[in-house]
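A, B, C, D, E and F are the chain letters, set down in written order, and residue numbers restart from 1 in every chain.
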Amino acid sequence: MLKYIVISVSLILLTLGYSSLLLLAGDVPTIESNAKAIADGGVNLDTVWVLIAAVLVMFMQPGFALLEAGFTRAKNSCNILMKNLMDFSLGSIIYWIMGFGVMFGAGNLFFGTSGFFLNDTGSTFDSLSWSTVPLECKYLFQLVFCATAATIVSGAMAERTKFISYLIYSVIISAIIYPVSGHWIWGGGWLAEIGMWDFAGSTVVHSVGGWLALTGAIILGPRLGKYAPDGTPKPIPGHSMPLAALGVFILWFGWFGFNPGSTMGAITDIAHIAVTTNIAAAAAAISAMITAWILFKKPDASMSFNGVVAGLVAITCPCAFVSIGSALLIGLVAGILVVLSVVFIDRVLHIDDPVGAISAHGVCGAWGTFSLGLFAQDIFSPGTTGDGLFFGGGLKLLGAQALGIISVFAWCMITGFILFFVIKKLVGLRVTKQEELRGLDIDEHGMEAYADFQIFTTQ
Amino acid sequence: MLKYIVISVSLILLTLGYSSLLLLAGDVPTIESNAKAIADGGVNLDTVWVLIAAVLVMFMQPGFALLEAGFTRAKNSCNILMKNLMDFSLGSIIYWIMGFGVMFGAGNLFFGTSGFFLNDTGSTFDSLSWSTVPLECKYLFQLVFCATAATIVSGAMAERTKFISYLIYSVIISAIIYPVSGHWIWGGGWLAEIGMWDFAGSTVVHSVGGWLALTGAIILGPRLGKYAPDGTPKPIPGHSMPLAALGVFILWFGWFGFNPGSTMGAITDIAHIAVTTNIAAAAAAISAMITAWILFKKPDASMSFNGVVAGLVAITCPCAFVSIGSALLIGLVAGILVVLSVVFIDRVLHIDDPVGAISAHGVCGAWGTFSLGLFAQDIFSPGTTGDGLFFGGGLKLLGAQALGIISVFAWCMITGFILFFVIKKLVGLRVTKQEELRGLDIDEHGMEAYADFQIFTTQ
Amino acid sequence: MLKYIVISVSLILLTLGYSSLLLLAGDVPTIESNAKAIADGGVNLDTVWVLIAAVLVMFMQPGFALLEAGFTRAKNSCNILMKNLMDFSLGSIIYWIMGFGVMFGAGNLFFGTSGFFLNDTGSTFDSLSWSTVPLECKYLFQLVFCATAATIVSGAMAERTKFISYLIYSVIISAIIYPVSGHWIWGGGWLAEIGMWDFAGSTVVHSVGGWLALTGAIILGPRLGKYAPDGTPKPIPGHSMPLAALGVFILWFGWFGFNPGSTMGAITDIAHIAVTTNIAAAAAAISAMITAWILFKKPDASMSFNGVVAGLVAITCPCAFVSIGSALLIGLVAGILVVLSVVFIDRVLHIDDPVGAISAHGVCGAWGTFSLGLFAQDIFSPGTTGDGLFFGGGLKLLGAQALGIISVFAWCMITGFILFFVIKKLVGLRVTKQEELRGLDIDEHGMEAYADFQIFTTQ
Amino acid sequence: MKLIIAYIKPEKLNDVKQELFKAEIFKMSVTNALGCGQQKGYRESYRGAVSEVNLLKKVRLEIAVNAEFVDSTVDAIIRGAHTGSIGDGKIFVLDLGNCIRIRTRENGTSAIG
Amino acid sequence: MKLIIAYIKPEKLNDVKQELFKAEIFKMSVTNALGCGQQKGYRESYRGAVSEVNLLKKVRLEIAVNAEFVDSTVDAIIRGAHTGSIGDGKIFVLDLGNCIRIRTRENGTSAIG
Amino acid sequence: MKLIIAYIKPEKLNDVKQELFKAEIFKMSVTNALGCGQQKGYRESYRGAVSEVNLLKKVRLEIAVNAEFVDSTVDAIIRGAHTGSIGDGKIFVLDLGNCIRIRTRENGTSAIG
């Protein structure tokens, strides 16, 4: 490690921002050399910030893994952990090969057609040129977003999906489905043109994950024993609330990379974004708890955990454009919404989503995107969104947001159904009844998650 | 996300630190424009650092949650997790509405009377003007400190406190109790005037939490079965040492935000602070282990975990003002103290503190605050604390520290007793015997933490 | 906290990088004052980055603790957690007293002979002078590396080693074994002279841990029941795959401090390093899974977890010097290698390594170091490694790498055998049969890790 | 009085309980057990080492009934647990000498229900 | 020889053990069980779906004694476990044909103690 | 028909199973249990509070056999579980009134195997 830099230190210093150090040591500093050094230092700082933010978002992977594992049964834990590990691993490679190019590479209004393997021929990544950080830093930051969208689906399809089928799904979402709609909004595509805004991805990331989860859960059907013959939902309690709680806290922690990091530069706006993010999560945790308390007579812990995620998902789109008070309201609504949505999907639609992914990411992602049209205030980022409906900005922004929500919903429903249908026909989507009863760990992975413990498998 | 910045990039650059970039692009840089750009870059860097530090401290929430969950029984896990989640959620909102103003807003020597809702009329937050970061960044950093104080109490009151009562407690501490004594020391109050120092909050944060925990545990009384009729303490083992250990490691990790972040600016002092923090924790872990080994004949893991926390709490006050060697000694003493204190509180006082919060935070917080009066050395932060007793500075600093410790103790004991007494009268503080036996999870939350496992409930 | 800075703010500003702020406020900025402020700001940024990186690496401690705890039986969990806690605690102190001096202090080609207690007489730490950060920051960053090497061993020796013996081992590795070979490569020793490169420590850190683990596991012998009388290996499943998975994700997260942080300065290269690190881990996770799938007919989760670690270990040496594509290949090979190695060590050598530490750290550390000789490309860090074999650079680099691998292997095998042999003679290395059957938690620590659960101990 | 012990497939517990309730048997005790019988186990492998698992998860019921209820209880269990495939389980019937209700100290046949 | 099986409330295990020790019964075996009896269960809900839990946690004791100890054993259990409220539990007494100590191969009444 | 209940040391389960298989006993049921017997327990302390643990982990076997197999079963268990040290365990033999195979409704001696 060391010698490398001993030798190359002057080179690095010269090219990467400490020219001033060398100058002090020998050359005489000039106004121009100072200006250059300042600019280089700024790039270094931006890189440090965006890299750290990316790393925080990467850490959301175990957050999702634990939340999903905790909300499902012990006999399927290895399986859900492996799915979470593998979608990130496969995604890392596929997004490098193809996804990043499709999303941000130069192309048309619908998808990028260049920039595969991070191949940059100069203007390939103009859609990201507003950030000063190196291309690889941009790739890493965007990759962890892609992985977030991908991993959401595993929760809704938990405890019954074939492992190999999940791997195939994983590749397709990272290569095509996520990057294409991402291109529409962040890659210079048609929704951006129309004036839709999604600061850190309520729609781009979370709704995409949520709606794909919806298609997956529909095609799969519910877990054995989830619904009585008369349709009454039966509880299938998750096996570890401590793991789930830890998962939720990790997600909250990682979201401080997700939202503030989406500036992709070290500007003081990150403080405001962090605060709106935090207060929305807090408000949603509380409102979800209260809603559950009213509906079920008890403050259900799992619903409060979903509340946190719901608040975070909702504020992801508007975090940079709304006041703290608005963020609190957006969070409050998200917390109520997620509980009602979980109950509705379970009791009325009879779609079995073990972890509430559809509600937290799909529904609250849509709510968050929509809420920007209501609560946006021009003062927070002058010259961007303009004011929302509640602040006198009229329906223009709201309309664009609604169009964005609907288009992405349609895109995901169509591609999701096709994808899962094809997988079902080709390799099958669901394990056998016997495998489901015994647990996917034994049959898919040949092992148990908790070998020293006695696990109930009465359901 | 992207388009927002594509449009506003020049605005941001101009106002937030990359003026140099623009200048390079078009305008000619001047000495003044360079100086401005340097200052702006410094603010950006400060903001990045303080925000990251705040996020690390925020992550201490699951640290506490896991430590407390691990040290208590499986049948109360949902409950303790919910308490930890909710004190942070409620705190986030209350501290924004009121707590931050009471603590740092302009007011008198005893409490702030302005700055509610972060409303800054210019000189409202003069007490924090020494830091360059945006007000919202200061709020976030201080909020996570408040939440730390609040969450300490849940551990000492675990396994028997009514959920609703805990929520009420939570609101009051974040709104009043913590901010008031905090104002005395950090908000320009009377203890600061007198010359008491508490760099990162051994007293401001930890002792406050610890002493409130003490009042709570006294008023509640011990858990059923904790003491034999003759007063002999019986072990009620915690249900998961791995979760507790993870909690402790997370706390250690988060403390690198807690202490070094309290510079509230990116200065090289953070290295020294990080090192003193780390070595005190290490020393305390070892000395707690050895003390337990001598007393109980075995190196009790739970005591070593408490040792880490004790060392961290103790070094929190003096971390910026003492040498590495002194930090090691302060940690060593803290590790011994925490074990003796746990045993004393349990065997002699018969106060039931399931997780050792009173000892680790109250007692070791006091010790850490006191130790500054002994070990301070002027050279580390010239012109601040001056030298402590052991370095020829006499008793002046020690006296101020002692006064601070006592005043905050008195404040917490009085307000704590009043608060818990009132709650007890109004809504009750403790669950019924039947609920305690069956576990708070089932009766307070209607669910179990480990649905697939068979849990012993023979105690 | 606050007052300290209120008073000292001008002092700090003057000395630590915001001279520009003051200047703006009063003095007139000059080109020189600007240049000075830029340089100071650079040092501040470097310090922030390296400190954060160090903290991320520190967090790898619970990563290892959970991975090792998860891969072993519930009855030994307290023990393995305590070992992980104590090697870091002891290491923090010993490395300050002695290890850091032996590794980086001025001395000869084989070890440092000065710089104990961080005592710097001016040129003591010339071997680290290429980094601008304060000495204490360097110590902290290097300490967490040392602790990583130390903690690797606990996994391979798990479930049968006496606690006190492990503590002794821990002190010796942090004081002598790790620092000496570290000096050879990073402290200006003979391997650096010869032209061996190890960017972030595939050999310096991981192989050292891995080879010591090998000697320990050999001297200890296998766990009771690990091998049938005819030598057939029997499975002794780990007790918690969720904890293990979380451990692995934490390691992956922490590695973004480990590798990019090894620049010990905030330069844009960190983006490239982060990306190579990530893609190698991803590739290795996938290739390990596929290898296990082919060999055992099922995608074993534990092997995929080892795969992640293997990929990270392998890329640690070459991360700054190879392309993304090369990193992918290096990871792919590491993932295959780790599975084959685990199987070989288990089935053929009959050495019992419960967590696969020898394979993941020893073997893949060697592979990573070797791979640099194949894949290095001068363009990534001009003037350092030069090109490797596959890029036309011939065998020179490869030879130096091979020599480094072999020398460190020899050093560790010799000192490891001596160390464990001496400990065995002096205090004994292994617990009794009865203790091993009942579990180390009860006999070594007098407690259980999962008091509320019923644990199987049929093996 | 008789003591009936039944080993059934875990996932059948609910069905068996329903059938017992229908047969007006409301009292029972349940434990987890591992069973070895005609049902084939499965292979588990961990890190390449393979083991045959032939102890499969079962649920053990213990039901004390007065002699005249034995048949209806056995029938109810069979109705709930029967799938026709190997592993369905066994029912054992033992003589029960006495039965005492702790709460009231009643004993004999009146204490059972 | 008799085999005594008792179901008690988990939190009463320690008291029962004390009483048994006082009655000089030092040997016993304990398992966890779920019991269904007169004691009402409780409602659990998870994410809005409700279930009636009527299998409550119980502890199962198994104690083999010579015939002359049956009464004192039963009395001891009742003394330890009795609270007077529903759910206190049941004691079953079965005939025990033989008892063998593995260590010494002794059998019959001398092997029991 | 007889019902054999055996308490053994957990680590002996595999050996006992092997011996039973050799003796052609392929059916059994296993539960975890805690046992109190001649074997001394140990002291556990948690945060300075001490408790005597005298309930030690045991494995409980339940094996229903036809009368003629009782001896060979008991012998097999002893062969597998015997170490000669305190704590080796006990075997209890009870009369079994009836045995029913749920899958086929067979009962009596033919249902046992």
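Just so we're on the same page, a residue touches a chain if its C-beta (ideal position, glycine included) is under 8 Å from a C-beta of that chain, and two chains touch if they have at least 3 such contacts.
What you see is a predicted model, and the numbers here were worked out from it, not measured in a lab.
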**Interface with more contacting C-beta pairs, comparing B-E to B-F** = B-F
**Fill in**
Rounded to the nearest Å, the gap separating the Cα centres of chain C and chain E is 53
**Prompt:** Using the average of all C-alpha atoms in each chain as its centre, how far is it in Å between chain D and chain F?
**Reply:** 18
**Prompt:** What whole-number Å value describes the gap between the mean CA coordinates of chain A and chain D?
**Reply:** 47
**Item:** chain F: positions in contact with at least two other chains
**Value:** 31-32, 44-46, 94-95
**Message:** Which positions in chain A are in touch with at least two other chains?
**Reply:** 31, 34, 38, 41, 45, 48, 52, 237-238, 240, 246, 296-298, 300, 302, 446-448, 450-451, 453-457
**Pairs of chains, among all present, that meet the touch criterion** = A-B, A-C, A-D, A-E, B-C, B-E, B-F, C-D, C-F, D-E, D-F, E-F
**Request:** Would you mind writing out the residues of chain C in touch with chain F in their complex?
**Result:** 225, 437-438, 442-443, 446-448, 451, 454-459
**Complete:** Listed in rising order, chain F residues that touch chain C in their complex are 10-11, 13-14, 32, 42-46, 57, 59
**Request:** Would you mind writing out the residues of chain E in touch with chain F in their complex?
**Result:** 3, 17, 26-31, 62, 64, 94-103, 105, 111
**Request:** Spell out the part of chain A that touches chain B in their complex, as residue ranges.
**Result:** 31-32, 34-36, 38-39, 41-42, 45, 48-49, 52, 56, 73-75, 127-128, 130-132, 186-188, 192, 197-201, 204, 237-242, 245-246, 248-250, 252-253, 256, 260, 262-272, 274-275, 278-279, 281-283, 285-286, 289, 296-302, 304-305, 308, 320, 324-325, 328, 381-385, 450, 453-457
**Request:** Enumerate the contact residues on chain B facing chain F in the complex.
**Result:** 233-238, 292, 295-298, 300, 302-303, 339, 342-343, 346-347, 356
